[in-house]
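Take a look at the structure below.
Labels run A, B, C and D following the written order; every chain starts at residue 1.
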Amino acid sequence: MGMRKVAVVGAGMTRFVRRALETPKELAYEAAKMALDSCELKLKDVDGVVVGSAVDAFDGFHMKGEYLSDGAGGWRKPFIRHSVGGATGVFSCIHGWMHVASGLFDVCLVLAEEKMSPCQPHPQGAFLTVYDAILERPLGLNLTWIVPQEMNLYMIRNGYRSEDVARVAVKNKRNALDHPAAMMGEELTVQDVVNSEVISWPVHRLDISGTADGATAVVLASEEVAKRITNKPVWVDGVGYNLDTWYWTSRDLAYPVYVEKAARMAYEMAGIKEPQKEIHIAEPYDPFTFKELQNLEALLLADQGKAAQLLAERVFDRDGRMPVCPSGGLLGVGNPIAAAALMKVAEVFWQLRGEAGKRQVPGNPKTGLAQAWGDMMQAGTVVILKI
Amino acid sequence: MLYEAASKAYQNAGLEPKDIDGFVNAGEDWTEGHSIADEITPDQLGAVKRPVFTVNGDAMQALISAAMHILTGQMNICLVASYSKASNIKSLANITVMAMDPVFNRPLEENPYFIAGLEMNRYLYETGTTREQCAQVVVKNKKNALWNPSAGHGISLSKEQVLDSPMISYPLSSLDISPHSDGAIVIILAAAERAKALCQKPIWIEGMGWCSDSPSLEKRAWGEAVYTQIAAEMAYKMAGISYPRKEIDLAEVSDEFSYKELQHLEALKLCRKGEAGFLVEEGALGISGELAVNPSGGCLGVGSLLDATGAQKVLEVALQLRGEAGQRQVPNAGVGLAQSWRGIPTTSGAVLILSNR
Amino acid sequence: MSLLERISKNIQLRSWEGEFPVQYLYTFGVAGERFFRQIKENAKILGARCPQCQITFVPPSLYCERCFERTEDWVEVGHKGEVYTFTVCYRGMDGLPKNPPSVLALVKMLGAEGGFVHRIGEIDPQEIKIGMKVEAVFKPQAQRKGSILDIQYFRPAEK
Amino acid sequence: MDKSVQLKGTAIRESDIKEGKVLSTQWVPKAQYAWDTGVAIGRFLEELKGGKIIGMKCARCRRIMIPPRMFCELCYQPCREWVYLQDWGTVRSFCVSHLRWDASRMKDPFLPSVIELEGSTKGMGFFHLTGEIDPKDMKIGLKVKAVWKDARERTGAITDIRYFKPV
């Protein structure tokens, strides 16, 4: 029994907003409905449903997946939820791929949803619950205390200045101006970013993506179904995921080797030998500016220490040699964790099909990559799509 | 705890962590007191810098995900891990209530056991099953647990003791409810060729199914476990089983509450609707009965292991099919069924059909 | 292979206490907002109808969970329903006995799919039966704030 | 999907909720836990009470690990060789954070740091705060030493060390 081919055949999403009136179920429904409509399928055509949602503490649901199931289209269907923290969104596509590639299902609806706004006084508070209850929480550890540690070390090791990484925000927020879901699209200069207030040195306010509410869905289908319902199936050519140790203080904070391992797993499956030549567009994870560059290097899409230079040379612009985050990414579109990462998969899908409208990159890209990063700065998930 | 369980699984399979292609963990954040509880597991499993992910669901759903991954051909050997640290939660009722709808259900501020009360009442009403028959399930399972060295809640009880135990949420009394336990279970799956090479007595997954009914308390089915019915249909179809009652030798089903065992047996088509109560009364569900159900002692006897419960069910069926169940061995067991339910307030369950042929 | 050192004296057992120090503010959603506005302002209970399945759902949702069509027609379903199942709950959230116990039921609204999980009042717990007709008792308008608790309880319906 | 597509999703403001324009309900969870410390962290906390920092050595790869653990996650071997570490070390990474965990802004910034304690294997970090230093003087490679609470105030918690200060 060989591996079955799996295609993305439809995608949908909600707007990303700071605070949505919609309940998580309703957000899920809107994204799922749009994805199904986009490929003219009905709920009865769906064999199984996969849901990704990152952190239950954001919206205060225990067993969040159970709550979401009907909005995600899981009524009386096989339904599973998974999470790998921030890496959940891209993993959703991988989990859905398993459903179809295993031969168990022909059509799988994949949904990622996050509603962060219910958390009071601020969604940041929920991050406290991510850390070690005994050794870290009593010190008040939070995201703005640890991610900058990575950024600091990463910049020092590679000799990057604040301006070098700030360009990521400028590019992505500009790209986002053309995205209908975006809440943080803006025309900025490098100086604007560098001059924005320091949240946690070396992180400035404009280096960070914003918490948000939103949902994204994609529909996966087996080769037989995909060829029947669309003339532009986008194939899931490679998947990879990897998790590093829980002891974050003993990891190499400057280089996410787990992302590299996830990428190599996906490249091997897709038969990709020279990623820098064979990948045409990329949507690496960009919750913070430096992460885009760091992830590009770990994905082997840029040599170590070279990403900032390529960025400055406009290689990663929408009309550059390798467009990176043409969607606008998390920095531009917004960051409802799991939904934002699955949005990256959806963006690659639209770009490869030539359906990205004003965001469309030139040159008919054939192969694209989406990546996310998560858990406690330790998880990498990678999907390679091909048309 | 998980490290020890994983070490034993590796030893039992004659493997080392480096032989494993992928790892799947089952668990929920709020029962850990930890957001993204996923992040803690690689170390315990020897899975640092390896493919690991978490299913926020029952361990049986995690196992199904691992099995699917093997079926894709990308992986040969996968490890499934799950554990319960129920003892560390000081306020389980307050956690369970957060699985309910915040707008429609939480404001009532009632102990979530009321959901089991509502469901039991409707089940008894629709099927004519009695509280006495449910009590008999408790007696049977707690007795089975006496033969299970891993079970913490084995005891010899009379039906009357169950019936007379304090009422929690009518018609559910305190002994109808499974106590919680701590524990860790690790299961290793391998593709057919690898399994044959590795293991003298591999247990084969013949069928798998899983399903969720409407999560809404207002719109779900109450009398029947529809989620299990649909999951079972899927699993039977895959396993080529047409007459479950004849073809299955033993079953481990979720008995989080006494009536659930009976309701699940009916949904699994192991008996007709309304019949399960009589079967337990007649002793047909005992270890040497016509159909052994929960020979391990079930949740009532072993203790509910939160999301690891499904793994306990699979483990018991595997031990029984290997003939390694010691004093509680079911004679001539060839095909077994394991079923799980995620507990109140959910309507999610999974079914696995296992065989030793 | 097992651990080489264990806690052998219970006095060495240590645990660390803690909790999740956050709270939540929920909006009711597109459908919920409309539903609770009517409850709050007009003591009316609305259901949403699926154009495909022809089922009226209470509580109303934006979509039909069965076929995924968007629900469009909203209809008033009245105040009367039927006890589909009930329970008498003797324990509070803390697990301790509760006096008096609460009588809770799933009330299915007549002519609709679904209804309310709510308290039953003005009744002796011994008297309640599956199939019994009940009606919603609303709080006075001034006290209603847009909540499931704007309905005080359901009570046996007058014939 | 072009820019012109009208996506669903209704943005509201916090003030809409406060002013009652949008209905809402509040929930305060009572999620309380008593996490078992386990053997390794139990001993570690006990030693902090005595003013000492203890780590664990893996017999196979010889790493001296902090925080201590009962098994080496890389060798997958049980460990039992306890090793005391110095209460001083080198800053391996840090940041200057103006935010508290609940996102409220602080005038005096925190200096969360990853510190490589003397006696532990290179690459092993220990997370704590740095203090008594002008944030501008913070740098990677700085030598810092633990500032302990008074022995009587120590409870066997990570906060028994107030912070680390430059040597």
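We adopt the following convention: a contact is a pair of C-beta atoms (placed from the backbone, for glycine too) under 8 Å apart; a residue touches a chain by one contact, two chains touch by 3 or more.
Owing to the predicted nature of the structure, the values given are computational and were not obtained by experimental measurement.
Chemist: With respect to inter-chain C-beta contacts, which pair, B-D or A-C, contains the greater number?
Modeler: By the number of C-beta pairs in contact, the winner is A-C.
Chemist: Taking each chain's centre as the mean of its C-alpha atoms, give the chain farthest from subunit C.
Modeler: Looking at centroid distances, D is the chain farthest away.
Chemist: Please work out the Cα centroid separation of subunit A and subunit C, and write it as a whole number of Å.
Modeler: Going by mean C-alpha positions, subunit A sits 36 Å from subunit C.
Chemist: Based only on mean CA positions, could you tell me how far subunit C sits from subunit D in angstrom?
Modeler: 41
Chemist: Can you give the whole-Å distance between the Cα centres of subunit A and subunit D?
Modeler: About 27 Å separates the centre of subunit A from that of subunit D.
Chemist: Going by the touch rule set out above, which residues of subunit C reach two or more other chains?
Modeler: 1-3, 15-20, 22-30, 32-33, 36, 65, 93, 147
Chemist: At which residue positions does subunit A touch at least two other chains?
Modeler: Within subunit A, residues 19-23, 57, 60, 70, 75, 121, 125-129, 133-134, 245-247 contact more than one other chain.
Chemist: Mark out which residues of subunit D touch at least two other chains, giving numbers and ranges.
Modeler: In subunit D, the residues touching two or more other chains are 10, 12, 22, 25, 27, 29-37, 45, 69-71, 73-74.
Chemist: Which word fits how the chains touch one another: line, ring, star, complete or other?
Modeler: complete
Chemist: Once bound in the complex, which stretches of subunit A touch subunit C?
Modeler: 19-23, 25-26, 29, 32-33, 36, 42-44, 57, 59-60, 70-71, 73, 75, 117-121, 125-126, 128-129, 133-134, 137
Chemist: Would you mind writing out the residues of subunit D in touch with subunit B in their complex?
Modeler: Those residues of subunit D that touch subunit B are 25, 27, 29-36, 69-71, 73-74, 76.
Chemist: Tell me, which parts of subunit A touch subunit B in their complex?
Modeler: It comes out as residues 1-4, 23, 53-57, 60-70, 74-85, 91, 95, 97-99, 101-104, 126-127, 129-130, 133, 239-247, 257-258, 261-262, 265, 269, 374-376, 378-379.
Chemist: Which bits of subunit B are touching subunit C when the two form their complex?
Modeler: Going by the criterion above, the answer is residues 3-4, 7, 10-11, 30, 33, 88, 90, 93-94, 97, 102-105, 107-111, 113-114, 117-122, 125, 166-172, 214, 216-219, 222.
Chemist: Inside the complex, what are the residues of subunit B that reach subunit A?
Modeler: 28-31, 33-36, 38-43, 47-57, 61, 64-65, 67-74, 95-96, 98-99, 101-103, 209-216, 226-227, 230-231, 234, 342, 345-348
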